[in-house]
Amino acid sequence: MTVMQILFLLIGLVTLAASVMVVSTRNMVRAALYLIVTLFGVAVLYVLLNAGFFAVVQVVIYIGAISILFIFAVMLTRDVTGLQAAAFNRTWLLAAFLALVLFGGLFLALQGWSGFETVPPAFTDDTPTIRDLGLALVSPDGYVIPFEVASVLLVAAMIGAIYVAWGRK
Amino acid sequence: MIPLSWYLILAAAMFCVGLYGVLARRNAIAILLGIELMLNAVNINVVAFWRYLNPENIAGQAFALIVFAVAAAEVAVGLALIIALYRRRNTIVAEEIDLLKW
Amino acid sequence: MAFFVDPIGFIIFWLRGLLSGWGLAPGVVEFIMDALGVIAIGSFGLGFTIFLIWVERKISARIQGRIGPNRVGPYGLLQTFADIIKIFTKEHITPRGVDVAVYNLAPVLSVMAVLLLWAVIPLASTVVGTEINVGVLYIVAVGSLGTLAILIAGWSSNNKFALLGAFRTVAQMISYEVPMVLSLLTVTLLARSMSVTQVVAAQDVWFILVSPLAFLIFLVSSQAEMGRAPFDLMEAESELVAGYQTEYSGLKFGMFFVGEFLHSFTVGALVTTLFLGGWRGPGAEQYPILGIFWFFLKSFVIYFITLWLRFSLPRLRIDHILDYNWKYLVPLGLMLVVLTAVLDKWLFMVNPAINPWLRALAQLAMNAGLFLFANFLVETRNRRKPLRQPVGAPRPVARPPEKASITEKAA
Amino acid sequence: MLNDWLFVGVFFLLAWIFPGVPILIARFLSPNKPNAIKNDTYECGVETVGDTWVQFKVQYYNFALTFLIFDVEIVFLFPWAIAFDQLPIFGVFAGAIFVLILMGELLGAWRKGALEWA
């Protein structure tokens, strides 16, 4: 057990516990707040994976924007059925069973895989930095098409979302 | 060092928790929260695979970034649909939105 | 001698040597050094706030033609300590129906969000918390924690005014984050790096000269981010009681103010770091202590400007605030990014070893042109679609009678 | 690389002390005499009516949405800005087109009236 492993276990525990709270909390704003804790835990995991850029992007996009969007949406859609109504549908037991089966299946499948216990290779000079990411994103034999398509996708999402949410009643 | 398996198991667990949320919750926004959890689990996997198996290849980072964009678009449209439904049908309970069911 | 040239760097070096001398593992030494650094930054931040409150009250008094605190201690310097004693002994009222855990977390988070910014600000060539390679985005990320603090403060208070105030404030803060990130992108583009220390190192010519528009956008949007006049919707007393702070009392209420006061100076520090060359100045390379001096001098100038803005402008209406952001600042920022990128690339294609001053001159001309063009567009639009005028007859106004009429009546 | 982040981590662990401990101290120093009226929701002395969960207008969502999309797209551009020195002309224009798409998006939302508050 190194310090890193203990750190990982702690963060993983907090993240998982918060994610369980996300799906089990009745109060939607609280669920969104638990989601923020989960997202923050994931950001820390990115730092542990030497992907600092993704950690800050996670905080900026998920915590700074998406979670606020969620809270706004929750406040906009006042649940007319009230907090007393059941939070879960009738098939929740089946859902829990399915989720457990999936986890078990994934676990078994992964365990048989040879790369399961890989340790991270050391960084070399070839290891890409954020600069290489930037170069790859706009180079024609890299990811320029996904890059521009992502932009168009976001435009479409935004125009569509505004149209849908704002259309006359 | 942390073996890759730890990240994978954590991501799998998070994915399953998200799946449970999607399948079991009635509130449509809660379902979207579950989908967020699943997307995050996927992204952990993408970044972990990049770091452990092939750090020389930029593809892992590029795809993780694209997943961010997709997640943002998904949330934007999903929540907009829920708000529109709420404005028209006055409900956000997923089971009651069954006009297209039959 | 080394102590006088670079006291903080000297202490860091000495402590590191001392801890290693005790036979501690390098990781443990690193951890202890970091913890000490955090404690130093945090206690400095909070202590400095005490001084800032006095400065702000004095300056506001001068601008408003008053004297300000002048009874407790010389020049009223101890006034803040009296206030601290008062606020420490105020009752903490927790209203019915609040979400206790979240309610108590909000003030803590709002101070944390400001303190965390100081982790990446270099005070001198040798004094910096950490040199993460994504420092500029880190600033944005930490800023979004502040937004979150306000949102959860408003929601957990179980008060309509608090919720409404928080929602308005958050709408304003997230809107102004867009031009702020755009101006940070311009800075990143000019410096070719997201590391804050690299940004400082790249400023052979201060970025305020290279990209004055980015500087202005950053200044305005950070003024809106911290919610100070003319953007102080969150505490529009006449409309929203006290906004998201309504249900807070005692030191919890005070902590929101500590966060706000410290934030306004932190904005000065950020502007200094990103646009005014940070700690750089005559002699700062050889004598890091001079760097600290330059840094605080510049920060105080910017801090004074923000205070000046705060105390001379009236509060704006929320639709005006949002219009100004989305219909002026954001398009301006977007065009600025594109033009800066294209011009910079062209300059470096023509001459890879271009004189930084020449580059600054070209960028400055582009900025001026863009600014004039934007204002031309606004003028045209205003002419075409005049601002809405109040309908109906002019209302009677209380106006002192003119001299002639007074004499008439007297006669 | 991780050492740089250690400082941020330690900062996150310790930063709550600076606002938190004074609040705890003040909690012990201050009197605590709650009563029903004092603990009431403060709405200018008028008794509070109904739920706190008032209905908000959809504009809040519009602005949050616009912000989210812009935030994501601008964050995409940071790696591009860092790599600027090595970028070929094509790369510069790819980024510029990206920004111009954003600009078109803004104009579209503007025309749609999504940026109006009232």
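Labels A, B, C and D are assigned to the chains in the order they are written; within every chain, residues are numbered from 1.
Quick note on the criterion: a contact is a pair of C-beta atoms (placed from the backbone, for glycine too) under 8 Å apart; a residue touches a chain by one contact, two chains touch by 3 or more.
As the structure is a prediction and not an experimental result, all values here were calculated from the model.
Student: Of the pairs A-B and B-D, which shows more C-beta pairs in contact?
Tutor: Output for the comparison: A-B.
Student: Can you figure out the chain closest to the middle, judged by Cα centres?
Tutor: Most central by this criterion: D.
Student: Using mean C-alpha positions as chain centres, tell me how far chain A is from chain B in Å, no decimals.
Tutor: Each chain's C-alpha centroid was found; their separation is 6 Å.
Student: When the centre of a chain is set as the mean of its C-alpha atoms, what distance in Å lies between chain B and chain D?
Tutor: Centres of chain B and chain D (C-alpha means) sit 21 Å apart.
Student: How far is the middle of chain C from the middle of chain D, if each middle is the mean of its Cα atoms, in Å?
Tutor: Once rounded, the distance between the two centres reads 15 Å.
Student: Got the chain C residues that touch at least 2 other chains?
Tutor: Each of 132-133, 137-138, 163, 167, 174, 177, 194 in chain C touches at least two other chains.
Student: If you look at chain B, which of its residues touch at least two other chains?
Tutor: 65, 68-69, 72-73, 75-76, 79-80, 83, 87
Student: Identify all positions of chain D at which a residue touches two or more other chains, and write them in rising order.
Tutor: If we look for residues of chain D contacting two or more partner chains, we find 1, 4-5, 8, 56, 58, 60-61, 64-69, 71-73, 75-76, 78, 81-82, 84, 87, 95, 102.
Student: Would you identify the shape of the chain contact graph, picking one of line, ring, star, complete or other?
Tutor: Graph shape here is other: it fits none of the named patterns.
Student: All pairs of touching chains, please: list them by chain label.
Tutor: The list of touching pairs comes to A-B, A-C, A-D, B-D, C-D.
Student: Can you list the residues on chain A that touch chain D in the complex?
Tutor: 44, 47-48, 50, 52-53, 55, 57, 60-61, 64-66, 68-69, 72-73, 75-76, 78, 123, 130-135, 137-140, 144, 147-148, 150-152, 154-155, 157-159, 161-163, 165-166
Student: Taking the touch rule as given, give the residues of chain B at its contact with chain D in the complex, in rising order.
Tutor: 65, 68-69, 72-73, 75-76, 79-80, 83, 87
Student: For chain B, which residues are in contact with chain A within the complex?
Tutor: 1-10, 12-21, 23-27, 29-30, 32-34, 36-37, 40, 43-44, 47-48, 50-53, 55-58, 61-62, 64-66, 68-77, 79-84, 86-88, 90-95
Student: With touch defined as at the start, can you tell me which chain C residues reach chain A in the complex?
Tutor: Against chain A, chain C makes touches at 27, 99, 102, 132-134, 137-138, 140-141, 143-145, 147-148, 151-152, 155, 163, 167, 170, 174, 177, 194.
Student: Quick one: which bits of chain A touch chain B in the complex? Just the residue numbers, please.
Tutor: Touching chain B: residues 2, 4-5, 8, 12, 15-16, 19-20, 22-23, 28, 31-32, 35, 38-39, 42, 45-46, 48-51, 53-54, 57-58, 61-62, 65-66, 69-70, 73-74, 76-77, 79-81, 85-89, 91-92, 94-96, 98-100, 102-103, 106-107, 110, 115-121, 123-124, 126-128, 132-133, 136-137, 142-143, 146, 150, 153-154, 156-158, 160-162, 164-165, 167, 169 of chain A.
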